[in-house]
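The data blocks that follow each hold one structure.
You will see two complexes here that share chain A, one where it goes with chain B and one where it goes with chain C.
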Partner chain A sequence: MNLTASNISKKYNRSKGGANWFYAVKSIDLCIEAGKLTAVYGRSGSGKTTLLNLLGGLLQPSEGKVLCGETDIYAMPDKELSAFRNQHIGIVPQGAAALGNLTVLENVLLPSLIGGRSSDEQEKRAEALLQSFGIASLRDVMPRELSGGEQRRMAIARALMNRPEILLCDEPTGDLDDENTRVVLRLLRDEAAKGTAVLLFTHEADARNYADIVMKMDGGSLEKI
Partner chain B sequence: MMRSVYGLPVRSILKKPLRSAALMIIAAFLAFSAFGGSLMVMSLSNGLESLSARLGADIVVVPYSAASKVSYDSVIIQGKPGQFYMDAKYYEEIKNEIEGIDKITAQFYLASAKASCCSARLQIIGFDPETDFSVQPWIAKSYSTELSEYDAVVGSDVTPNADMTIEIYGKTLHVRAVLEKTGTELDSAMYVNTATMKELILAHNAKNPNQERAIDPEKVVSSVLIKVMDGYDIDSVVGNINLYVRQVKAIRTQNMIFDVADSLSGVSGMISVLMAAVWVLSVIIMAIAFTMMMNERRREFAVLRVLGVSRARIAGFVLTENALVTLVGGVCGIIITVLLTLLFNGLIEQSIGLPFLLPQPSVMLLTALITLLVTMAAGALTSAVSAYKISKIDAGLVLRGENE
Partner chain C sequence: MFFRMIKGALFRQKSKMIMIAVTIALGSSLATAMLNIMLDVGDKVNQELKAYGANITVVPKENSVLDSLYDLDDGGESVAHLKEEDLGKIKTIFWGFNILDFTPFVNTVVTLGDGSTAKLTGTWFNHHLALNTGEELDAGIHSLRSWWEIKNGQWLDEQKESIPANGALIGSALAARLGVETGDTLEVNTAKGSQALQIAGVYDAGGDEDEQLFTLLPVAQMLADCQGLIDSIEVSALTTPDNELARKAATKGPGALSPADYETWYCTAYVSSICYQIQEAIPDSVASAVRQVAESEGTILDKTRLLMILITILSLFGSALGISNLVTASVMERSNEIGLLKAIGARDSRISGIVLTEIMLTAIVGGVAGYFMGYGFAQIIGHTVFASAIEMKPMVIPLVAVLIIIVTLAGSIPAIRMLLRLRPAEVLHGR
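Then we have the complex of A and B:
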């Protein structure tokens, strides 16, 4: 399934009640293709996270549409959109994004529990993901005991739990050492190879070596490199 | 292993025991003040009703010397140990000369020294089985046979010897029944018939040879209780007694009850004001504490949004967590109230100096349930704003560490 953004913008008012608008994302047309890894570079404040939120169904665009396949995701009410996101879109948020009250295994299982699926099969899937991400031995550990690299791997494993067709990653290699960066990028590359549409927002220069399409974001606009 | 996303609020409570305990303590305090206050007000009201029902007389006549309120009120209404006497001829005079009297009976009061049974002084009340209409109907609920000489019926707080006897002034009395609780000091009283009372007064005189004036049981009574005939105005009968019979004071019992009711209304009002103050303060503290705790957890809720939890369900998690915390805290508060009430029932009764009778267990249970619901509703109210705000968070911005 492709993820298509059609002329999307997001504008904010700088002063409450006034009319001092600025655009965090400006009229972007974008297609994240299935089976490809698209890398988007951009410095802080360029609008990358806003674009990810728009594409992930977390932030209503001021203008334009976001289509997952043929589905206009913002035409759905929140409950339906949330369920859709749970089923079809995996998101790896920026920074530490583990639920501290749950073990690593429970964190990875969480998307399937949110989707109302709880079975031994799901548990086996979560364990297999932990295995393939090299953190199987940490399944019963609490997230605060994990290193930064382990936390990122756990977050990617969790995003893949429901076998999403679209994977959106916001700086998944930020603050990681070179070795962990390579591990994470390879995992994303492998996921794209399985047919998932992967979008990677990054500062990491090395990422272009793993990407099929490379783009640059600046001042809310996107251009292909 | 968590098997459902609905387990998240429980997990959150269990994994942060201090945070949860702090909220539970506030909820327990809310329930304690509401349930405790309600029990106090109901117990005072019950005590008054029991008092009113037990007295059964329209008019009480006491010696004029006892008419300083503290004396007769405390003895007749509250059952506090005390004694006063008037010439028995006044009883005959009222009976024979005052119109409108349906029933009339005399009572004798004797405040014993420390008896074998009791740690405090024991109030002995003597009644005439032939004419009594005040004590016997009440005693009949526990003991329907007429009392013989040296028989006694005791209040609920009096514990007789193992062989159901009590030693008073060297005389052995047989306890035939223990009465229902009244919530007054009458629970520490003992009831005997006139014949036994006369024997006890003689024994008392023998034990106290140095008292100023020996009591002659054949010539005195302590009070006269009157039931007015239908069609007669009680106030007129009171007025006639006070006008035509010297050395006595007739009082309408309703007025005596009103005096107690006035004090009760004051105490109840004070309890209600305190309860309201505690509630307002606790609800504000709970709202602030809950809002702060939820703000600290914005990142956690943002992650849930990212993973596909709807705004409505996020709000549901917040409300559920609060409901569970207030449920546990509320139940603890109610249990603490029940334990304290049962343990210090007597002390409360003594310290407020008003009739105090706990409601029936079924009423207490119903009150506890209502308290729990009200506590949980207050909790829901304090978390509603947090739930709304948390459900509206911009997950992307929160996870990036920026302010909305």
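Then we have the complex of A and C:
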């Protein structure tokens, strides 16, 4: 499934009641293709996270459409969009995002439980993901006990739990050392190879070596490199 | 895992949850104490108010008619009488247990040694009564005139063998006028006889009664030549404040009530229904409420209850505010996790359910603790204010439970609204 953004913009009004508009994302057309890893570079404040939120169904665009396959995700009611996101879009947020009172395995299982799928098969899937990401031995550990790299791998495993067709990653290598950066990028490359449309927002120069398509974001606009 | 998440959240935010439980416990304890006192206060306040006198007077029907026709209430000798032997029947009426005290009166005008006259009243002081029902009680003016101050001497004690048969109490104004003191003998005369009264004490009633003499019932009966008869009875009864039904029965008579209303009225301790039952028990009598006393009791009771309700409402409102702040703070603290759940696809209803379950579990703990604290508060208030225990009413338990649920839900509304407004795009990015 491709993820297509058609002329999307997100603007914010800087002065309450006035008309001082600031465009965080400006008229972007983009297609994240299935089976490809698209990397978007950009410095802080360039609008990367806003674009990810727009593409992930987390932030309503001011203008334009976001299509997942043929489905206009923002035409759906909130309840349906939540279920759609749960089934089709995996999101790896910036930073260490985890439920602190659940173990690593439970955190990975979370999307399937929220989607109403709870079975041994799901648990096996979660364990397999942890195994392939090299953190199987940490399944019963609490997230606070993980290193930064392990937390990122757990977040990617969680995002892949429901076998999403689209994977959106926001700075997944943000504060990792070189070794962990390479591990994470390799995992994303492998996922794209399995047919997932992967979008990676990063500062990491190494990411070029793993990406099929490389783009640069600046001032809310996107250009292909 | 749902419960694991809740358990984890409860333990991870232990101090906040303890604060919420304490807030709920405070509200629940005050609500428990106030509601129990409010439900028990009727009897308690009534008992207290009974210290300030009788609220029903019983007179012969003939006297009542004459008094009504000619506005006679001179306190002198009666035209008609009630029978002394009927006095015990007052305790046999349907609301007999609500009759706290009563005393008969025989009034006569006596001529004193200096030629002046004074009103002499024969009554019971603390008469021991053994009823046909097997019940025994002490009745008399001693407790019905508890505000009298005995300036010197003492109350006549009918239960002492040594009580003088001609003992009497004299009002302070009359004693001053006659120059009589405790221990003196005062000769009184009527057309029917004469008697030397031995003054056992001088009282100060703060009213017209200070010009009177009070003596034992047989002495007054002898002087008024009405042995075995009495002029009137004062009754102190525990009553329920009047409502529309009671007012209708009092003004239009019980005959105007429908059978169902009549039954309700008869089986409720309204002052009018107790009067009606006294009239049924004592032939040819008219029992009437001392309206001012009855209404004052009702007003005081209503105001006391209103005060309790206001305290309950205010304490619960305070709890709701406290809960609101604490739950909102808890949601803010966990906004990142809530944002993550939303990003993964959790619906608002599911996340709200998790937060509400946490709060309701905390509320149950706080509410139960508060109930027992409230039990303690109620007993402290009961013993401090009414010098007796407060009876804990079972109906307060569901009432407090419902109030706590309402307060907790109401207090959680701002936090839930905040949770619903929370955008994962903002919180996950740390805004």
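List of remarks:
Note that the second predicted complex is superposed on the first by the 225 of 225 C-alpha atoms of A that agree within 3 Å, B and C clash if a C-alpha of one lies under 4 Å from a C-alpha of the other, contacts with A are read in each partner's own complex, and residues count from 1 in each chain.
Just so we're on the same page, a residue touches a chain if its C-beta (ideal position, glycine included) is under 8 Å from a C-beta of that chain, and two chains touch if they have at least 3 such contacts.
Since this is a predicted model, take the numbers as computed values, not measurements.
With chain A as the common reference, chain B cannot sit beside chain C without a clash. In the superposition on chain A, A:Met217 makes contact with neither chain B nor chain C. After overlaying the two complexes on the shared chain, residue contacts for A:Ala126 are found with neither chain B nor chain C. By the touch criterion defined above, A:Val25 reaches neither chain B nor chain C. In the superposition on chain A, A:Arg158 makes contact with both chain B and chain C. After overlaying the two complexes on the shared chain, residue contacts for A:Leu37 are found with neither chain B nor chain C.
Aligning on the C-alpha atoms of chain A brings chain C into conflict with chain B at a single listed stretch, 225-233, out of 63-71, 171-179, 225-233 or 243-251. 49-50, 53, 56, 58-59, 78-79, 82-87, 91, 93-95, 97-102, 106, 109-111, 113-115, 158 are the residues of chain A that lie in the contact sets of both chain B and chain C, per the superposition on chain A. Residues of chain A touching chain C in their complex: 49-50, 53, 56, 58-59, 78-79, 82-87, 91, 93-95, 97-102, 106, 109-111, 113-115, 158.
Residues 1-5, 8, 11-12, 15-16, 299-300, 302-313, 394-397, 399-401 of chain B touch chain A in their complex. Against chain A, the residues of chain C that register as touching in their complex are 1, 4-5, 7-9, 11-12, 336-337, 339-348, 350, 423-425, 428-430. By the touch rule above, chain A contacts chain B in their complex via residues 49-50, 52-53, 56, 58-59, 78-79, 81-87, 91, 93-95, 97-102, 105-106, 109-111, 113-116, 118, 123, 158, 170.
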